[in-house]
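Shared chain: chain A. Partners: chain B in the first complex, chain C in the second.
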Partner chain A sequence: MRLVANLLDRARPLFDEGGRLNFFKPVFDAGDAFFFSPATATAVAPHARDPLDVKRYMTTVIIALVPATLASIYFFGLRMIPVFIVSYAAGGAVEVLFATVRKEEVNEGFLVTGLIFPLVLPPALPLWMVAVGCAFGVLIGKELFGGTGRNLFNAALVGRVFLGLAYPKAMSGAWVEPGTGLLGRATELSVDAVASATPLALAKAGEFTATTDLFFGSVLGSAGETSALAIILGGVFLVGVGVASWRTTVSFLGSFAVLSLVLHGGDVGTVGWHMLAGGVLFGAFFMATDPVTSPMTSAGKWIYGIVIGVATALIRNLTGYVEGVTFAILLGNIFAPVLDETFIAASVRRLREQKA
Partner chain B sequence: MATNEPIACTTCALPGGPCGGKGIATLKDGVWAQNPISIQILGICSALAVTNRLENSLVMGVALIFVCVGSNLFVSLLRNVTPRRIRMIAEVAIIATFVIVFDQILKAYYWEMSKQLGPYVGLIITNCIVMGRAEAFALQNRPVVSIVDGVANGIGYAIVLALIGFFRELVGAGTVFGHVVMPEWYVPNQLAILAPGAFVALGFLIALFNALSGANEEDEGTQP
Partner chain C sequence: MKLRGGYNVHLAGRPTNEVRDLPAPERLYLPLRSRRFTFSEIDVTDGQKVACGDEIAKDPGNFNVPLLAPYAGTVRLDALEGHVVLEDLDPAAGCSVREHDESAERSRYDPAVSEWKRRMLLELGAWQFFADAHTGTPLDPSGTPGAILVTTVHLDPHVARGDVLLRGRLDEFARGLEHLQSFLEYQPIYVAMSDIRTDFASEVREKLRGHAFVNLVAVPRRYPYGHPVALARHLGLTPSLENPVWALTTAGVLAVDRVLTTGTPAVERIVAVGGPAIDAPTHVRTVVGQPIHDLIGGHVTEKPVRVVNGGIMTGGTVGPEQKGLCAESTGLTVLVESTTRPFLGWIRPGWGSRSYSKTFASEVRPAFPEKINTALRGELRPCISCGQCVDVCPAGIMPNVIHKYIYAHDIESTIDTRVDLCFECGLCSYICPSKIDLRQQFIDAKKEIQAELEALLEEVEE
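Right, the complex of A and B next:
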């Protein structure tokens, strides 16, 4: 580490004000901050001491995603690794470009988007599509709204919807038969894309995949969303440490379960099956809980979760689509600012009345 | 009225000319500075609906130029005899006449194109650009300069539609005017043909126009 520190310190003057490479300062800062904490300290009060800055926030999410990431490699092969690299490279290029033009720091928020995006894609999708989708998601979904913290929509889901509408054939024909045994497909470099039906598509035809397969994840599906076990492992950690809000997760899953129960005529087994299938769990733990695109107020979070849960159940059961989590969460994202505004205004009014 | 004088740009700019000295400025406003779509954001519905192919976009642009010129001319000619209280009805009647004429020509000679454009030619009657020009310009101005205004706004609309149509057809189908131009390995991006693709294309186009003209520059000093 001493070596890296010396290298960075020696290069620093080049990027400082007046240095030859000043234009690329955001790029340098990103490299610097990746290895070390920034040396700058706030000079003026107030000084809030909170160890949970954006960097640690995002790092926590990455840790929570480790089980799902490993599961994707186990079930769908080592080809997932180039997929992750391409996703990071394409989205990162857009991020760095905007940071450089805006003269801002490259934000850690991207570390999550770059990893979470491939996890919601079919595993055998061509690499160039991964790149185009990620770049579109980061550009249209995030940067054009003002960058990390200002985006209205979840950038990864914007990218996914883009790919789904732009290349529907590729998106529905890039599944991979999951690996089995001790090592699964984790030793295989290339995979064969198949166009067979996912469990949810089969369910529309009345054929239900075994619940244990859904729980462990040996089914067709998006790379990171098949294994309920891996998602729950990471998700419970994420909710437990308070980075993801339990209110969003509970209200999403709860409202989805209740409405599904009504739509399936009280059949608890089928509802349980639906909870494990598709992207419901991944969405509830990792996607809907995105702190930027979900409401800040507690009451807002409850309603936001209910909107998503209800929309998911309705899309799954009453439309031609087999899965609705992506659309439902984007729909919820639209409501998030309105919900916050409403509940904050209500609190302010209540406080005023108390004072009066 | 000075309709017998030659309409050249040199006379348009002269105070005594048929355009009363407003010719060039009117033309510039309609095509660029006050472009009905990219600056005023009017007529978006048709701009999004028919632009999935370049050919459709161009026909729609021609339709709007035709209607806008015709309605502007007649609204202007009748401006001194139209009672104020019923002027809107009169304007709509004039606009509808020209729209129906164009629609019938299309149906008679270009049936395929007419089918492709569907209801959108007929809907020009409710197009806020045509109505807006009649209300805001033709009612207060003399016929010749009103024609210039109709041409200018029609061209402004047509240019934007053609650009969006070109982009959407190229990306969404890999073709221009139905001819394949993209290389064989190109996978058409079907989003470009769908409505969301139109919104994205229009958004980028407006951003580009704003960047070129310096309009809507955010004032950094007033940022909170």
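Right, the complex of A and C next:
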């Protein structure tokens, strides 16, 4: 701690006004604030504040992603580690660049985006594609809207859609056979990409993967999406501490289950299977619940979850696509401002009655 | 309307039940301003000798609410900017007693009685404790109340507590309520009490149950449920210009009793001196003008500190120019100024941090008071729409939505989303993870809206 403080103090003059590296002040400040929270005091009442800040808010999401992250390394090998590093580097570079140009602080949002992004990608995707996708997602999905807190779309999903459209072959052929045995692939550095079909693709052809495999995660799929167990572990934590809205998760999963039940003629087993397969759980716990891109109002969150759940079920069952979570959530993102507008107008009507 | 939102802000430095006496001060520094009053009309001359209870100055903008001399002494007008200094004090001299008008006492329903009472309340310093329950502004002493609302619940963690003020003075409190009842025709007096079950609370309930005109309201221990606006809305009392709801605190009722029963001026104050930077937070028996240094001196554990007039949620900072306790003060809260930078604070489990959110390890601990300082505890960020402010807001409005309209300079939508319903409790600012000063933004927006409305009215009149 002393050591870090000394290093930072010695470097500070370089970045201050007139210093040689003044241009990179936001980078220095971000690093500085990473280690030592600023001592900034309150300017107006309330004179003291709650300890929660955006850094911790985002950190909580990252903690909740730990099980899914570890599962991805377990099933798809140590290659995931460079993938995470590349994703963070690319997303971070864009964030830092924009912060520098805007002369604003580096925002914590990319800490979540940088981790979530590789978890929704095929595990054997070339590293440069990971970099391009993440940079695209952060740039187009977030920075152009004004940065974290002002973006309309989930940045990680914007990057994923971009990769899906730009490199469709790689995006559907970079799967990895999950490791089996006690250590999975957690000791393997390099893995082979395979182009075989994911459980959802097989299901279209009428072949259903074992539900237990889906539950534990030993199936083909996006790196962090295969293990329902890991996702539920982290997701329940995230909803439990109140960072993810339970309304969104419940309405997404609930509406998806109900509509699937109708589409599958009341076959509970198949619906259960669909809940565990693909990105439904990951989307419901980690993607749809992003507070910035989901509605602010509670009622809006219910409808938003239903829009996503219904869209996912429809895309999966009635279109040529095998998976629909990404599109469904982006569709939900489009709806979010409209839903807010509607429910804010409703509450304005309700409030108008109140005298004072 | 149901009480909603709120948060039990549980912090270290809460004053104890004890009431401490202070040694008599050498000088008093009476500030000519307080939160609502500006005592701009000085009624004494430099060097004049005054007795306890004599009027020193009054506020012509607020029905001539007076600033009274707490002790006998000699006035110094130019000794300190913004203050009247009183020296050569004689605290033992006792206060003058007003003539008790026997004939008025007998005919309770004679309007003249209430005229006499009103004059007494105003001239002997009790009227400053009265406020419009909905707006918090001073009241016209000749007005008729639509209802009277007394709150004994003060949940800002460091302000003077109603139960402490009441201890040993229950009879006076009940008598004060009786005096107040003579201002009403048939409406009850609402007395808000904490819903806790202690022996003392049952004693108070027992005592007040004998008074048919008192309507006891049980209030859960959540800030800011004791606030007059929260209570008035909860009870369905509507705002009115003609018959406003009169709001008083425990101290106000005791002042009413003192003035109307004994005919002596209400100059004594019991205030809280607390906060995390005070070694022995407690209540203090004192008077207006008491040097701030006497109140907190010798009890500050660590420096530098910020002294707040009132509680941490809504109080104003006591600047270096203010030397004495102001007329409306309910206490002083002392906090250590934030100077240190916590190492990797955002990833620590947070065993010792109390948070409204559930993201700290302390969540699994039973409730405990946290020692807090003036740190913002994070960096200013754009709103991430986490929605905590909507959950916590006791006014039932959407602070995050209003914030976005204010940010976009959309005054019309700011009005539509009812920024006027905000009663400035400060909880949204307190819990905001993006560290946005929502309370201040709403106060400023309301002022701006008020100014625009007035400009519009002027245009119409022309």
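We adopt the following convention: the second predicted complex is superposed on the first by the 344 of 356 C-alpha atoms of A that agree within 3 Å, B and C clash if a C-alpha of one lies under 4 Å from a C-alpha of the other, contacts with A are read in each partner's own complex, and residues count from 1 in each chain.
Just so it is clear, contacts are C-beta pairs under 8 Å (C-beta built on N, C-alpha and C of every residue); 3 or more make two chains touch, one makes a residue touch a chain.
None of these values were measured; they are calculated from a predicted model.
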Exercise. Between chain B and chain C, which makes contact with more of the residues in chain A?
Worked result: C
For this session: State whether A:Leu3 touches chain B only (first), chain C only (second), both chains, or neither.
Result: neither
For this session: Check whether A:Pro168 is in contact with chain B, with chain C, with both or with neither, and answer first, second, both or neither.
Result: first
Exercise. Which partner does A:Ile140 reach: the first (chain B), the second (chain C), both, or neither?
Worked result: first
Exercise. After lining up the shared chain so the two structures overlap, which partner does A:Arg150 touch, if you call chain B first and chain C second: first, second, both or neither?
Worked result: second
Exercise. In the superposed arrangement, what residues of chain A touch both chain B and chain C?
Worked result: none
Exercise. Which of the residues in chain A end up touching chain B in this complex?
Worked result: 140, 162, 165-168, 170
Problem set entry | chain C contact footprint on chain A (complex, rising order) | 1, 4-5, 33, 35-57, 59-60, 105, 107-108, 146-150, 240-243, 245, 291-292, 294, 296-298, 340, 344, 347-348, 351-352, 354-356
Problem set entry | Contact footprint of chain A on chain B as seen in their complex | 187, 189-192, 194, 196, 200
Problem set entry | chain A contact footprint on chain C (complex, rising order) | 11, 134, 238-239, 306, 308, 312-317, 333, 335, 337-347, 350, 353-360, 363, 372-379, 381-387, 390, 396-398, 400-401, 416-418, 420-421, 426, 429-435, 437, 439-440
